[in-house]
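Lettered A, B, C and D in written order, each chain numbered from 1.
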Amino acid sequence: PSAIAVLTSGGDSPGMNPAIRGVVRAALHRGIKVFGINKGYSGLIIGDLEEMNSASVTNIVQRGGTILKSDRCEAFKDPAVRHQAAEVLKEKGIDTLVVIGGDGSLTGAHYLTLENDIRVIGLPGTIDNDIYGTDDTIGFDTAVNTALEAIDKIRDTALSHESLFLVEVMGRNSGFIATHVGIACGAEMIVIPEYEVKVDAISSQLASNREQGKGSSGIIVVAEGPKPGLTYDLAKQLKNHGQQPKVCILGHIQRGGIPSGHDRILASCLGASAVDYLCAGYNDIMIGVRRGKIVDTPLAQVIEKSKELDEALFQRALLLHK
Amino acid sequence: PSAIAVLTSGGDSPGMNPAIRGVVRAALHRGIKVFGINKGYSGLIIGDLEEMNSASVTNIVQRGGTILKSDRCEAFKDPAVRHQAAEVLKEKGIDTLVVIGGDGSLTGAHYLTLENDIRVIGLPGTIDNDIYGTDDTIGFDTAVNTALEAIDKIRDTALSHESLFLVEVMGRNSGFIATHVGIACGAEMIVIPEYEVKVDAISSQLASNREQGKGSSGIIVVAEGPKPGLTYDLAKQLKNHGQQPKVCILGHIQRGGIPSGHDRILASCLGASAVDYLCAGYNDIMIGVRRGKIVDTPLAQVIEKSKELDEALFQRALLLHK
Amino acid sequence: PSAIAVLTSGGDSPGMNPAIRGVVRAALHRGIKVFGINKGYSGLIIGDLEEMNSASVTNIVQRGGTILKSDRCEAFKDPAVRHQAAEVLKEKGIDTLVVIGGDGSLTGAHYLTLENDIRVIGLPGTIDNDIYGTDDTIGFDTAVNTALEAIDKIRDTALSHESLFLVEVMGRNSGFIATHVGIACGAEMIVIPEYEVKVDAISSQLASNREQGKGSSGIIVVAEGPKPGLTYDLAKQLKNHGQQPKVCILGHIQRGGIPSGHDRILASCLGASAVDYLCAGYNDIMIGVRRGKIVDTPLAQVIEKSKELDEALFQRALLLHK
Amino acid sequence: PSAIAVLTSGGDSPGMNPAIRGVVRAALHRGIKVFGINKGYSGLIIGDLEEMNSASVTNIVQRGGTILKSDRCEAFKDPAVRHQAAEVLKEKGIDTLVVIGGDGSLTGAHYLTLENDIRVIGLPGTIDNDIYGTDDTIGFDTAVNTALEAIDKIRDTALSHESLFLVEVMGRNSGFIATHVGIACGAEMIVIPEYEVKVDAISSQLASNREQGKGSSGIIVVAEGPKPGLTYDLAKQLKNHGQQPKVCILGHIQRGGIPSGHDRILASCLGASAVDYLCAGYNDIMIGVRRGKIVDTPLAQVIEKSKELDEALFQRALLLHK
């Protein structure tokens, strides 16, 4: 590539900073100029970018959020706007864009390269882990740990009061966070979009716990699901079954925070690999990790297909709570 | 005292365990028998208690919640029930009760001793720090730190997206947590029950920040206030003023968690001091800390009077955000 | 199996508790009796074990250390002692043993089943990640995160004082922790047993950093290596090259602590899988994870072969610091 | 004051950043120009300073270390050098200096104002809490919490292996950190410079623990003391008494890290108060906190007198471990 630009887009996720650093340092190592774009596609459109050097990414590996800032850019759905963005890049002598973000952000990258003479590589940056073509996304591990820290605290109160908590974690369309958090916190039940859960099943699980001498307290982890209010609905249903659940919505605390070691390493390697793939001539792909190996997947597939939750893991979680 | 019983009551707070340990170890040190009551006043009424020794409180100093469990006991508002509780204690040869809890719990203790031949000492165990007669309560410092950890994460997202967050912290009647958290997180504004805040003031603070080159992001810390929904109301008003705030309710994560060093030391000292005061013949008091010294206050005063927020601190917080 | 016994052995690692829970709950789910042995092989020899039920492992998933306690048992190297251990198990009607531990512990398990009519399954429980047959060990992820938290703090001081720190992490024979920690903390250099590092190379890296405007501070991560004092030796050599390094030995803080989400899930799955393999008739194997899948490896191989560090990851780490 | 300069000096401590922010924002609020000096007295001498505005201190309240960097400056002990520093300040139109640091740093400030026409105010910034004239120093609370987090992890290993650990915390001349950490972690013994401890006493405490069913594990917290190696000496003595202690030196991890809520509030208030005192005409004082109130103490006293450890707290700690 003549020069690479990098941006972060969509919801921020912990590890975006080491990913940026990976791209920048690997590019410089090969003697390629690299530019940072501020505020995602919104900044790209208006040419808000500047050249980065090795010192630009010093001491960011451990910072949450993204030093390049991020944005959800509706305008980028318009081909004319994407064309404008391509012109901005060409004017600066940049022929390549690395996009770190989730599904929507990678869709924008795909159409940018389809319609314009700009090469793109995507990196999966989202806490939700709901991206086809990679077993893991930048930020997922940290988000799971953040949710766990919160639930460990709630567990103290649940045990002290022998009470039942519904804890809502992020995940609109998928139960990745909920399943991992649920198995790791020893949740009494996990409620996710992929599987129907009967309120009866929850009640009988709680009754069985009491009988086995495990006390009356409980944590039920609930994925937020496609429409708001799901967790409050479930609370109502449980009240009708004689339970007295309290609701906690973990919300935005799951996005930020110091990235975990796992996410720093994943992000560093994906960022550096993006440059390797670019230099090997690849285009219109996402770099991810599958079965422990770095792999590429065409962005067209990433966008079309949806990743399946590992049902065996979910079933294992339910078994272990018994 | 012939023998001491100890219970935790009301919402759990981090540090209740080292407080229990302080009472138990100090009592044993003086050769006094000590009993632990399960589940607060509810457990006391039904005689759910057992003798504790030094090993009973080993390795609990760092645990959140309360090993004795806690409860909110409506029945204890009835003098007949309190009489029954006193009989339970006397039957076991116990003439003294140490109650660790908040306002309601200390009220129960006061009436118990007024009406019955049982001596009581209260310890302020609540995250809210809203108890007259003490500058500090067991759990307040930890709750402030827990809220801060959450807000530091939200700050990452706020900065990355240049967005505005309303973060609701605990505090029904008082702004202690909100004020301390607000000053410590560098909040752009603090909203507490004690002072009226105009939405205009928030808007102009945010505008002033932008003008000074401090960016468009912001954190507003809001005490939950007397009725639920306050934070959502404020969000609506801000929307009408052209802001786009997101709401985070920190909720129950503020209660649990590993107690901070400060709370472990405070709780240990108050627990041990309770025994000192008992041996010196005191009754119907709460042990607290004022201006760095351990002091006692009659429970009657603790219940009647309300603690004032330090207005100077609040004003200082507002000044420092400018 | 007629009944399963489980023990933890060698240095404790975070995640041993969820591993125990996985074994216990999965065994009970299949109607198999399960016993917990106290203090590793030492406890086994003297018959210090008791039956566990579902409540025995309640609320342990988030606890560091091991509720079964652990030990390094020299006596177990003696075949006569192993025979005695087998007799203890048979007497209780137990025909199967699950051992959670590192290399030495798994060696003991292998010889126990070779010489006696006891079936064994091993689980890799060590922070060092130096076990053949698995990409990951129970406790490694947590240890990396713990070391990172410490180094993030040291980084604050290094930056504030523009000083150089040598931070020693665990790893006698292998650089797994050092390499992962090094890449994740943005170390200026990583020193591990597998690769020789020249003091000149460190000095020139630090000089290059200064020239690029990255400041004079630095963190060098050093694996402890086969003999104590390595890090102090390196410090002396650096002093001779005009550097003024300070030494930090992280030591035992890397062993304990609340297990990370990753380790809780890994341990839970390996624990439950051990029971699956036992029920499928396997013996004399270790259950691990390779390329994201749960796999078994004969204990004979686990003991004989040594796991290689991923050199590509190490080289990537060095590149990213430039 | 015409204009204020602020610097941080000596070992960094968590909370120096909110202290700087307090000084800067409070000065600007009163319309006073404020300058930040880089690298302590070393930077002052060479005129390495620049004007700060409100945005200069945005988003630093939660950062460890000091954005102004710090240094130990031997040269500043020379009156000629101090004179030169005064000239630098006057040239820039600055008549006032705020120094955030420990004993040595405050000594420099005192002589600077004695000999030159520069006003100075000191703020106690050190993790050691060993400064006369204040009950608390900026960074002490965080350092105690950091040490506790480490020891809580070591406790997991100690309990799992029933082993004895000597944990060395900072404190050359004073046992403040050791005493607070010791009481808060439930240490079996605390060894500090102020009180002689007999090895016999440790052994009998450990024996007593075993007898009471509290197990064989133990944590002994040791202040580093005036000369290095104290903790290793103690380990040797304990070995001669039949114990098998392991040694952990917590070291530099105690300095850095995200400041606690307590330290952020303390630092913010002291920083802002420094400006209040300056505007009220004070000079040659340190601002501290005593019995919960902000107070000033002449620097001459701060330097001459030494702060006494609260013996009652130390004795209480010992009692509670029994």
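Just so we're on the same page, a contact is a pair of C-beta atoms (placed from the backbone, for glycine too) under 8 Å apart; a residue touches a chain by one contact, two chains touch by 3 or more.
Note that the structure is predicted; figures quoted are calculated from it, not measured.
Asks: In this assembly, which chains make contact with chain A and also with chain C?
Replies: none
Asks: Comparing the two chain pairs, does A-B have more C-beta contacts than B-D, or is it the other way round?
Replies: Between A-B and B-D, contacts are more numerous in B-D.
Asks: Please work out the Cα centroid separation of chain B and chain C, and write it as a whole number of Å.
Replies: Distance between chain centres, rounded to whole Å: 39 Å.
Asks: Any idea how many Å lie between the Cα centroids of chain A and chain B?
Replies: 35
Asks: So, what's the distance in Å between the C-alpha centres of chain D and chain B?
Replies: That gives a centre separation of 28 Å.
Asks: For chain D, which residues are shared contacts with two or more other chains?
Replies: Only 152, 155, 159 qualify.
Asks: Which chains touch, pair by pair?
Replies: So, checking each combination of chains, I get A-B, A-C, B-D, C-D as the touching pairs.
Asks: Where on chain B is chain A touching in the complex?
Replies: Touch residues, chain B against chain A: 8, 11-12, 14, 16, 39, 63-66, 69-71, 146, 150, 152-157, 159-162, 165, 246, 248-253, 255-257.
Asks: In the complex, go through chain C and note every residue touching chain A.
Replies: 18, 21-22, 25-26, 28-29, 53-55, 58-59, 61-62, 135, 141, 144-145, 148, 152, 155, 159, 180-181, 183-186, 212-215, 258, 260-262, 264-265, 268-269, 272, 290-293, 313, 316-317, 319-322
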